[in-house]
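In what comes next, chain A is part of two complexes: it sits with chain B in the first one and with chain C in the second one.
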Partner chain A sequence: MPPPSLLDNILQILLNGIASGAVYGLFALGYTLVFSVLGVINFAHGAVFTLGAYLTYLLIGGAVGSNGLFPGLHLPFALPYWIALLLAAGLTALVGLLVEATAFRPLRRFEAEPLLYLITSLGAGVILVNLMQIVMGAEGYSLPISALGSLPVTVRIGEAQVRTVQLVLLAVAALVLLLLTVWLELTRGGKALRAVAEDATTARLLGIDSAAMIRLSFAISGFLAGLSGGLVGLSLSITGPYFGINYGLKALGVLVLGGLGSVPGAVLGGLIIGIAEAMVPGDWSGYRDAIAYAFLFAVLLLRPRGLLGGPQETKV
Partner chain B sequence: MSDTTLLVQMLLGALLGLSVYLPLACGQLSLATPGFYAIGGTVAALLSTRVPALGGSQSDYPLTSVLLEMGLAALVGGLLALGIGLLVLRLRGIYLTIATIALVEILRVVSLNLPITGGAVGIFAIPQPFRDPTGYALFSLVLLALVCWFCQRLAISRLGRAMAAIRDDELAAASQAIGVDRIKLLAFVLSALVAALTGVVAAHFLNSWNPRLGNFDASITTLAFVVFGGSRSWLGPVLGGLVLTALPELLRPVGDLRLIVFGLVILLGPALFPQGLITPERLAWSRAWLAARLSRPLVAAGVGGEASGPAGPSARGPRR
Partner chain C sequence: MAAADVSRFCRHPLSANLPLTPGSGSSVQPTRPPFRSRAASGSPHRRHWLPAWLAAAAIAVPLQGCGQGSSNSSALPIGAVISLTGNASVFGQDQRIGLELAERHFAGQTPALQLLLEDGGNDELTATSAFRSLIGRSVLALIGPSLSQQAFAADPIADRAGIPVVAPSNTARGIPEIGPFVSRVSAPVSQVAPLSINAALRRNPAIRRVAVFFAHDDVYSTAESEIFQKVLKQRGLNPVTVQRTNTTDQDFQNQITAALALRPDLIVISALPNDGGNLVRQIRELGFRGQIVAGNGLNSPNIYPICQRHCEGLLIAQAYSPEADTPINRRFVEAYRKARGGSIPPQFAAQAFTAYQVLAEAASRLQASLPNGRTLASLPLKEQRRRLNATLLAGSYDTPLGELSFTPGGDVVQKQFYVAEVRMNSDGRSGRFALLP
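So, the complex of A and B:
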């Protein structure tokens, strides 16, 4: 086989970047939904991501590692990957609700300042991460590639070899984004959520149950976090319970790049950072993790409201 | 771990709490403290292991060299804070916080990849100026006392009142001819100085330094000190730093659960004590209570004691 041409290399890098960027976008969307409704960032989001990856791993029949609470233990059944992924995301949606009930609702009662939500949501994250560490151990986990069933490991597009996993990530992320956008734009529930995001008080006056909408945004956000965890686990090894915290921090870059609270912005930011990371040459791979932060910094200085964000609120 | 070792860690925790407190005293939530702490630690680790001239002739590492490292760490940290502060302090609220998180992460990634800082392994065998933890405890105590004294002077000074005004209402403060930008920058630099100095002491005390010591976890822990203790007086972060550093050690009997308990404390704490444990109202109340107790003859003590002092603190009210 002839060596791949420059063009094919570029295509390969682009596809890899777009695939991981689409998952970034999916994850950052969870931040954005909560931010647009409450104006605060949920720092437990990254921990829920890891939980989604772990639950998917367990549901497809994976065994707890040797450092875990019950080494070698596994569920008596093994679900197909897609069902496991959806079930795991459903469970993390419930965890999202739990995070809302413990870290956000008590503070909302007396309109606490945003700083406090930061702390309490981090507290929820710390608890989740350490529970996972106790149950699953500190070791890395990765989903077996056979989880995808009979799909080939790589696909050839032109002369470029692309890992099937990347295409799967891209397809799922695109599908979920599409569904979510349709839901937000066209349905009654989606419109109600956007109304609460616009102005919670007015929405309440119009008869929208904003407390329910806040819960809904947390449930969707938890679902998205779990889903992205289960997807990323397919292409990367989840190197321990703290993996999601770091992923969550990088996704802050995605969030700020696209503009806090902007749904298309989260997707665009994810794609840009995914592609930028894929373009880092191998020799510099140690610095890859800094790309998202460098973007974040640059955007904050040049255009603080992000690429697609609305104007920042200013007090008069 | 010996009790004195724990005491040193508690004192260093209190110092880091004060570093988070300083920008917060003028309403700026910066999570950059671990970044500057890491700069101090790295400066100390590099100087003391790479510059033989600092080692002196005795077997112990000379204290003057530690002071020299502190001077240099303060210079590096202060200049960096000045440059970064000029850029990021235009940002408001959560944007500033996110920018400082990014700063800490960038510093961590860079020190993880630079050959000179030893990568993920870090720098080992940092020489010891003191033979036992007691020396470190005294040294840290002096440093903490100096910073506390400074914060107390600051709180009652014109500058400190300007900071409080900015914290309460930035726009109103600016309209009173308070140089908002300059004061915010000053607070940010002061915070960096405290963190960098603490890093120098920590590097010698820990005997080794690696990039993990200045990561996001550290940002959270130090922030928790301030939220737990209260951010409206310097006593709050000091108390928070002392107690929360000791907490995981005191909880060692519960083993793996200790970090979960720590998580519970910062999950539930803000809802129960939105302003932290120490607030100016509670301080004034306890001062009045103490004064009433001490001024009264012993026989009469406890009689009518409840009547003295202002009304109890309004613990649950929103801050603004």
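So, the complex of A and C:
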């Protein structure tokens, strides 16, 4: 059988990159919402992402593994995957609110330095991860491969192929981006959130409940974290309670590359980092993180605000 | 709050199903004072969420560093440093179960031993700190750490102090050579790895094109892959590609599509259970139908829920088989299944059990050999350790891994290895390692 042509190789690299990049972008959307409103990074986002994956797994009837608190335990019901995913995302939205109430609101009350938010959110994240390890154990879990029903496992385009679940992830990332953009640009709630992002004090004077808007941004961020966690769990499996941490670090790079606080920038940054990683030759694939970050470093030297970053007033 | 009350919180949940026997390591010491309740502290009633996180932290802290110790003060302390947190906790938690089962199994032996567990984390610094902490508690011997790269940093500390160290899972080259007090019950990769390649080639002699994947950030996987590649070359098979991965990787699409483009007949993987199981799943989803050989890192039932039905047919060389039909292994498997909801014990639990067993049996033999009914505890600590090490290395042991003894340098001499094929059950989420004839 002849080896694939150059065109096939390029197509495969693009497909690989877009598939990985969609995950990064979806993850970074939650980061960017909170950053745009409060100007700080929520380091608990990775833990909420992991929680979303575990909740989806449990809601579809998955059992706790042998290292967990109650080995073999499972819920008395099993929901279809898409319902479980949305329900898990709803629950992680509540956890997002809990993180806001515990790790952010008390500091906001005292007008604390931004660095302190990083520490409290990191602490909240570490505690969540440890609690998940206690309950679920350290082993990995996979969501059932059959969750996508009768869809084929892979889609072939020429000689290139991609797993269908990754195309689903890409579609969800695009849909979320569209909905978020429409909401932020065209609705009263979205405009109120943008006003709070621009200047919370002025927004409050104009009659906007800034505190409610901040809570809303955490709830949406938590929802997106849970949604992306459940989707990544389906695509790549849940490789233990720490698996959101790696995405958290990568998504930070994505956030900076796309432009801090920029919603479309998060998705664009994700796609570019994904494609940059996919271009790393196979023999060097173990070093792809280093190469991707070197690329990020070079781009930021040329454009420190990121690709779609602008002055504060244009964010969100 | 009394120490006995605190122990309920400090006891690790993994031991929840293990009814710990009084006097055999049942109570747990807190590493920090308990938090006072609001009523007790008299703090004003404020709407503040900080106490909630602190309470959560109090629950979570045991994973980070609770020392576990026996209430039997005359027992001789055996320290164990294993990865209870971090990415390596997938082994460490298995090892913890193995150690706790061993402690219960050998609870009636003399001298009585007391297991002290410390979290070795994922890195060298945490492991060396845990070693120092246990050495400060005058342990008779140490078990651990979980990872080879941690052993290279931590074991020299114990060796210089003249404390026997038994490694339950360090398979890299050079571990016993760290010093005269370092030994291991984990067979080196050079003994185990070739067996599965040979089995794959026996099954399909027409194999010509081999793709190799290995986790290059893991000492064990790197060493194992070197052995795999050496064996392949000896059999006249040069790998068509060698793909490097990281143990923290989750998406392997790039590496897999690059490898599959070269049309391999056989894929050989050296990785750990989570990343390796994920890699197998994605290789199959992307259409590879040939034979996959996996290294010893994937010798764990923990891969079943990850690669699911795609685990089917995986060939793995094993240093431990739950199907080995020996009395001690049957008892171990039964105890493990009873404690862990019917699960099959993984190799790391069996090796940890064995590490404790060889120390317990060596201590027992040593005490029996002392003249005039003297006890081991009556000897100076330094002498206890020196003699225990000598007795340990001189003995042979009937363990769940099979019959074991040691070379004078401390490397394990294991008589039985296995090659198994994964057979998944119809639910696609559970299976077994069926031994090849």
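We adopt the following convention: the second predicted complex is superposed on the first by the 294 of 316 C-alpha atoms of A that agree within 3 Å, B and C clash if a C-alpha of one lies under 4 Å from a C-alpha of the other, contacts with A are read in each partner's own complex, and residues count from 1 in each chain.
Just so we're on the same page, contacts are C-beta pairs under 8 Å (C-beta built on N, C-alpha and C of every residue); 3 or more make two chains touch, one makes a residue touch a chain.
All values derive from a computational prediction rather than experimental measurement.
Bringing the complexes onto one copy of chain A puts chain B in a clash with chain C. Legend: residue contacts after superposition of the two complexes on their common chain; A:Thr102 is shown touching both chain B and chain C.
Of the two partner chains placed by the overlay, chain B and chain C both lie in contact with A:Ile134. By the touch criterion defined above, A:Tyr293 reaches chain B but does not reach chain C. After overlaying the two complexes on the shared chain, residue contacts for A:Leu301 are found with chain B alone; chain C is out of touch. By the touch criterion stated above, A:Gly72 is placed in contact with chain C alone, chain B being left untouched. Partner contacting the larger number of chain A residues, of chain B and chain C: C. In the superposition on chain A, A:Ala278 makes contact with chain C only, while chain B stays out of contact range. In the superposition on chain A, A:Pro80 contacts neither chain B nor chain C. Look at A:Pro114: by the touch rule set out above, it reaches chain B but stays clear of chain C.
In the superposition on chain A, contact of A:Phe243 is made with chain C only, not with chain B. Shared interface residues of chain A (contacting chain B in one complex, chain C in the other): 102-103, 106, 123-124, 126-127, 130-131, 133-134, 246, 286-287, 289. Contact residues on chain A toward chain C in their complex (touch as defined above): 1, 3-4, 9, 12-13, 16, 19-20, 23, 65-67, 69-72, 98, 101-103, 105-106, 123-124, 126-127, 130-131, 133-134, 137-142, 144-145, 153-154, 159-163, 166, 232, 235-237, 239-240, 242-243, 246, 277-278, 280-289. Chain B makes touch with chain A in their complex at residues 29, 87-88, 90-95, 97-99, 101-103, 105-106, 109-110, 112-113, 171, 216, 220, 223-224, 227, 256-257, 259-260, 262-271, 274, 316-320. Against chain A, in their complex, chain C makes its touches with residues 13-14, 16-17, 48-50, 52-53, 56-57, 59-61, 63-64, 85-87, 89-90, 92-94, 97, 215-217, 241-246, 248, 250-251, 253-255, 257-259, 261-263, 273-275, 277-278, 281-282, 285-287, 301-302, 305-310, 340-343, 428-429. Put simply, chain A touches chain B in their complex at residues 40-41, 102-103, 106-107, 110-116, 118-120, 122-127, 130-131, 133-134, 245-246, 249, 252-253, 256, 260, 286-287, 289-290, 293-294, 296-297, 300-301, 304, 312, 315.
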